[in-house]
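Starting off with a structure, shown below.
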Amino acid sequence: MPDDPRDIPGDFAHARTVEVRFADTDAMGHVNNAEYLTYAEIARAAYYEAATGEQLQLGVHGAIEGMILAELRMTYRSPAFYGEFITVETRIERIGHTSYGMVHRLSAPESRYGPSRLVAIADSVLVSYDYSAERPIPVPPALIEAIEAFEGRRLRS
Amino acid sequence: MPDDPRDIPGDFAHARTVEVRFADTDAMGHVNNAEYLTYAEIARAAYYEAATGEQLQLGVHGAIEGMILAELRMTYRSPAFYGEFITVETRIERIGHTSYGMVHRLSAPESRYGPSRLVAIADSVLVSYDYSAERPIPVPPALIEAIEAFEGRRLRS
Amino acid sequence: MPDDPRDIPGDFAHARTVEVRFADTDAMGHVNNAEYLTYAEIARAAYYEAATGEQLQLGVHGAIEGMILAELRMTYRSPAFYGEFITVETRIERIGHTSYGMVHRLSAPESRYGPSRLVAIADSVLVSYDYSAERPIPVPPALIEAIEAFEGRRLRS
Amino acid sequence: MPDDPRDIPGDFAHARTVEVRFADTDAMGHVNNAEYLTYAEIARAAYYEAATGEQLQLGVHGAIEGMILAELRMTYRSPAFYGEFITVETRIERIGHTSYGMVHRLSAPESRYGPSRLVAIADSVLVSYDYSAERPIPVPPALIEAIEAFEGRRLRS
């Protein structure tokens, strides 16, 4: 991929490929803006499973995972198209008392639609949450350790 | 709307308008095929509430409604576009022992995209289901009565 | 998979795996009914590319593919869940003058949610369409030959 | 609505109601995170039409509207549920040389699911874009005037 001054530096501990479905596109001819959050959601779950070695149980058919998306900022760089395979790279950059920060970098390899390109960048805040008590709780120490081991560096502030 | 030989005759006991969201479209420039099932889902719930006078409780935050979609056949007639208001007409045509048949007619009034037109027709089978026992059950007599009163005719076979 | 009397017999010339995204689920806890049409759409495009050896150009960024979905009947058998990999098997069963019939069989292997199971069956009608003239056209002979070679039998009626 | 310290102050020039579809929910039982961007997209288009008096032509069936979403930050406050009517308030807060900033406030009135509540806040950057030249262009003076008249104050920096 050519240098892009709007790219973000640094390595990512995790990468996941997402195939663009035709139903992800809209009448502008490319992937609808909202779908990028679905791609980030897929990457977030895959990161979590890779870092913890546990299978994520989302929804009503299993224990609820105590990780809530509190904020996500998506910066759109280039459109993505039907049939492309988007690489979603993910890393956790900081761990606070009850929250941590996750960054994604979405890119597309060369395809029939154009050269390889940076597609979007996302910065998000996740909060540890106790669903019974309905309030944020400290990030569990075991999760902090798993994330730091996966990232290969200390992230606690 | 001009006569369309592919239209279906008869009146519909219920009508609901659904506004096409831009996110419902795909790169062909019109509403994606799968979205018509979402429009039918909206109409099905609205029909149920109108016929029974009860607010439908779908999902994990309320009593589960014992009506399962067993089959749906969608016949596509004309494309629909962003910003159009689709009229989804609905009627129940037959009530069997554990199931009943629901028909939808989707049409679009004249808009910036073209004249009024028949958009799609759907024929579906719904099954009364006991989620605890995980098996079909007879359609509840109170529901049959509510539907027949709403439709204004006897539907039991 | 255990025998299921509601299954359909025969082999399928094509199979494609689709991973269930979390965003495909709804508040019932499983995949929303409308999403199965998206899974069928993915399989339809993959079948077409496998049979013809050509990359499908859908939408405004390429030549339009002259294959319109005219009708699709989906029969729902068992729910599917987040994280499952749905196998969508596809075959073309009949070729008429301007249309052909495509059948899909959706199944899920054993997962944390339950044993292997038949998920749904779809029967659809596709129409060859001339977008300039806005009318159905005979199925192109080259496409018929490609499909029959791919299916390994004569399908013209 | 009770005071919420995380709310944002000030008035909004525009408000649009969006009905939550069942298909917008996910297996957590409430609206999926990505759908909020679709609600913002609906409000953005409605704002644009209200401020300019022009019908927005999105996609391949009309002149392309030269307004690209460059960045959107969504802050999630409370879940929203099937059947609720989300009020999406919108205002433009700043107009730069080639871009302007749009803010949304999503709230839900009291419903069967709970009291009235702040649902989410979005802050976005839109860029004026020349699709032929494929580059940002100055925000058109006529658009600036229409927005300032609609907002009732000067926004140029």
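For reference, chains read A, B, C and D in written order, and residue numbers begin at 1 within each chain.
The criterion applied here is as follows: a residue touches a chain if its C-beta (ideal position, glycine included) is under 8 Å from a C-beta of that chain, and two chains touch if they have at least 3 such contacts.
Since we're looking at a predicted model, the values are computed, not measured.
Of all chains, the one whose Cα centroid sits at the greatest distance from that of chain D is C.
Of the two chain pairs examined here, B-D and A-B, it is B-D that is joined by more C-beta pairs in contact. With centres defined as mean CA coordinates, chain B is found 36 Å away from chain A. Chain geometry summary: the mean Cα position of chain A and that of chain D are 23 Å apart. Between chain B and chain D, the centres computed from C-alpha atoms are 30 Å apart.
Across the assembly, chain A contributes 22-23, 25-30, 32, 34, 38, 41, 58-61, 81-82 as residues in contact with two or more other chains. Listing the residues of chain B that touch chain A in their complex gives 22-23, 25-30, 32, 34, 60, 81-82. Considering their complex, residues 21-23, 25, 29-30, 38, 41-42, 45, 55-56, 58-62, 81-83, 112-113 of chain B touch chain D.
Contact residues on chain C toward chain B in their complex (touch as defined above): 26-29, 32-35, 37-38, 41, 58-61, 64, 68-76.
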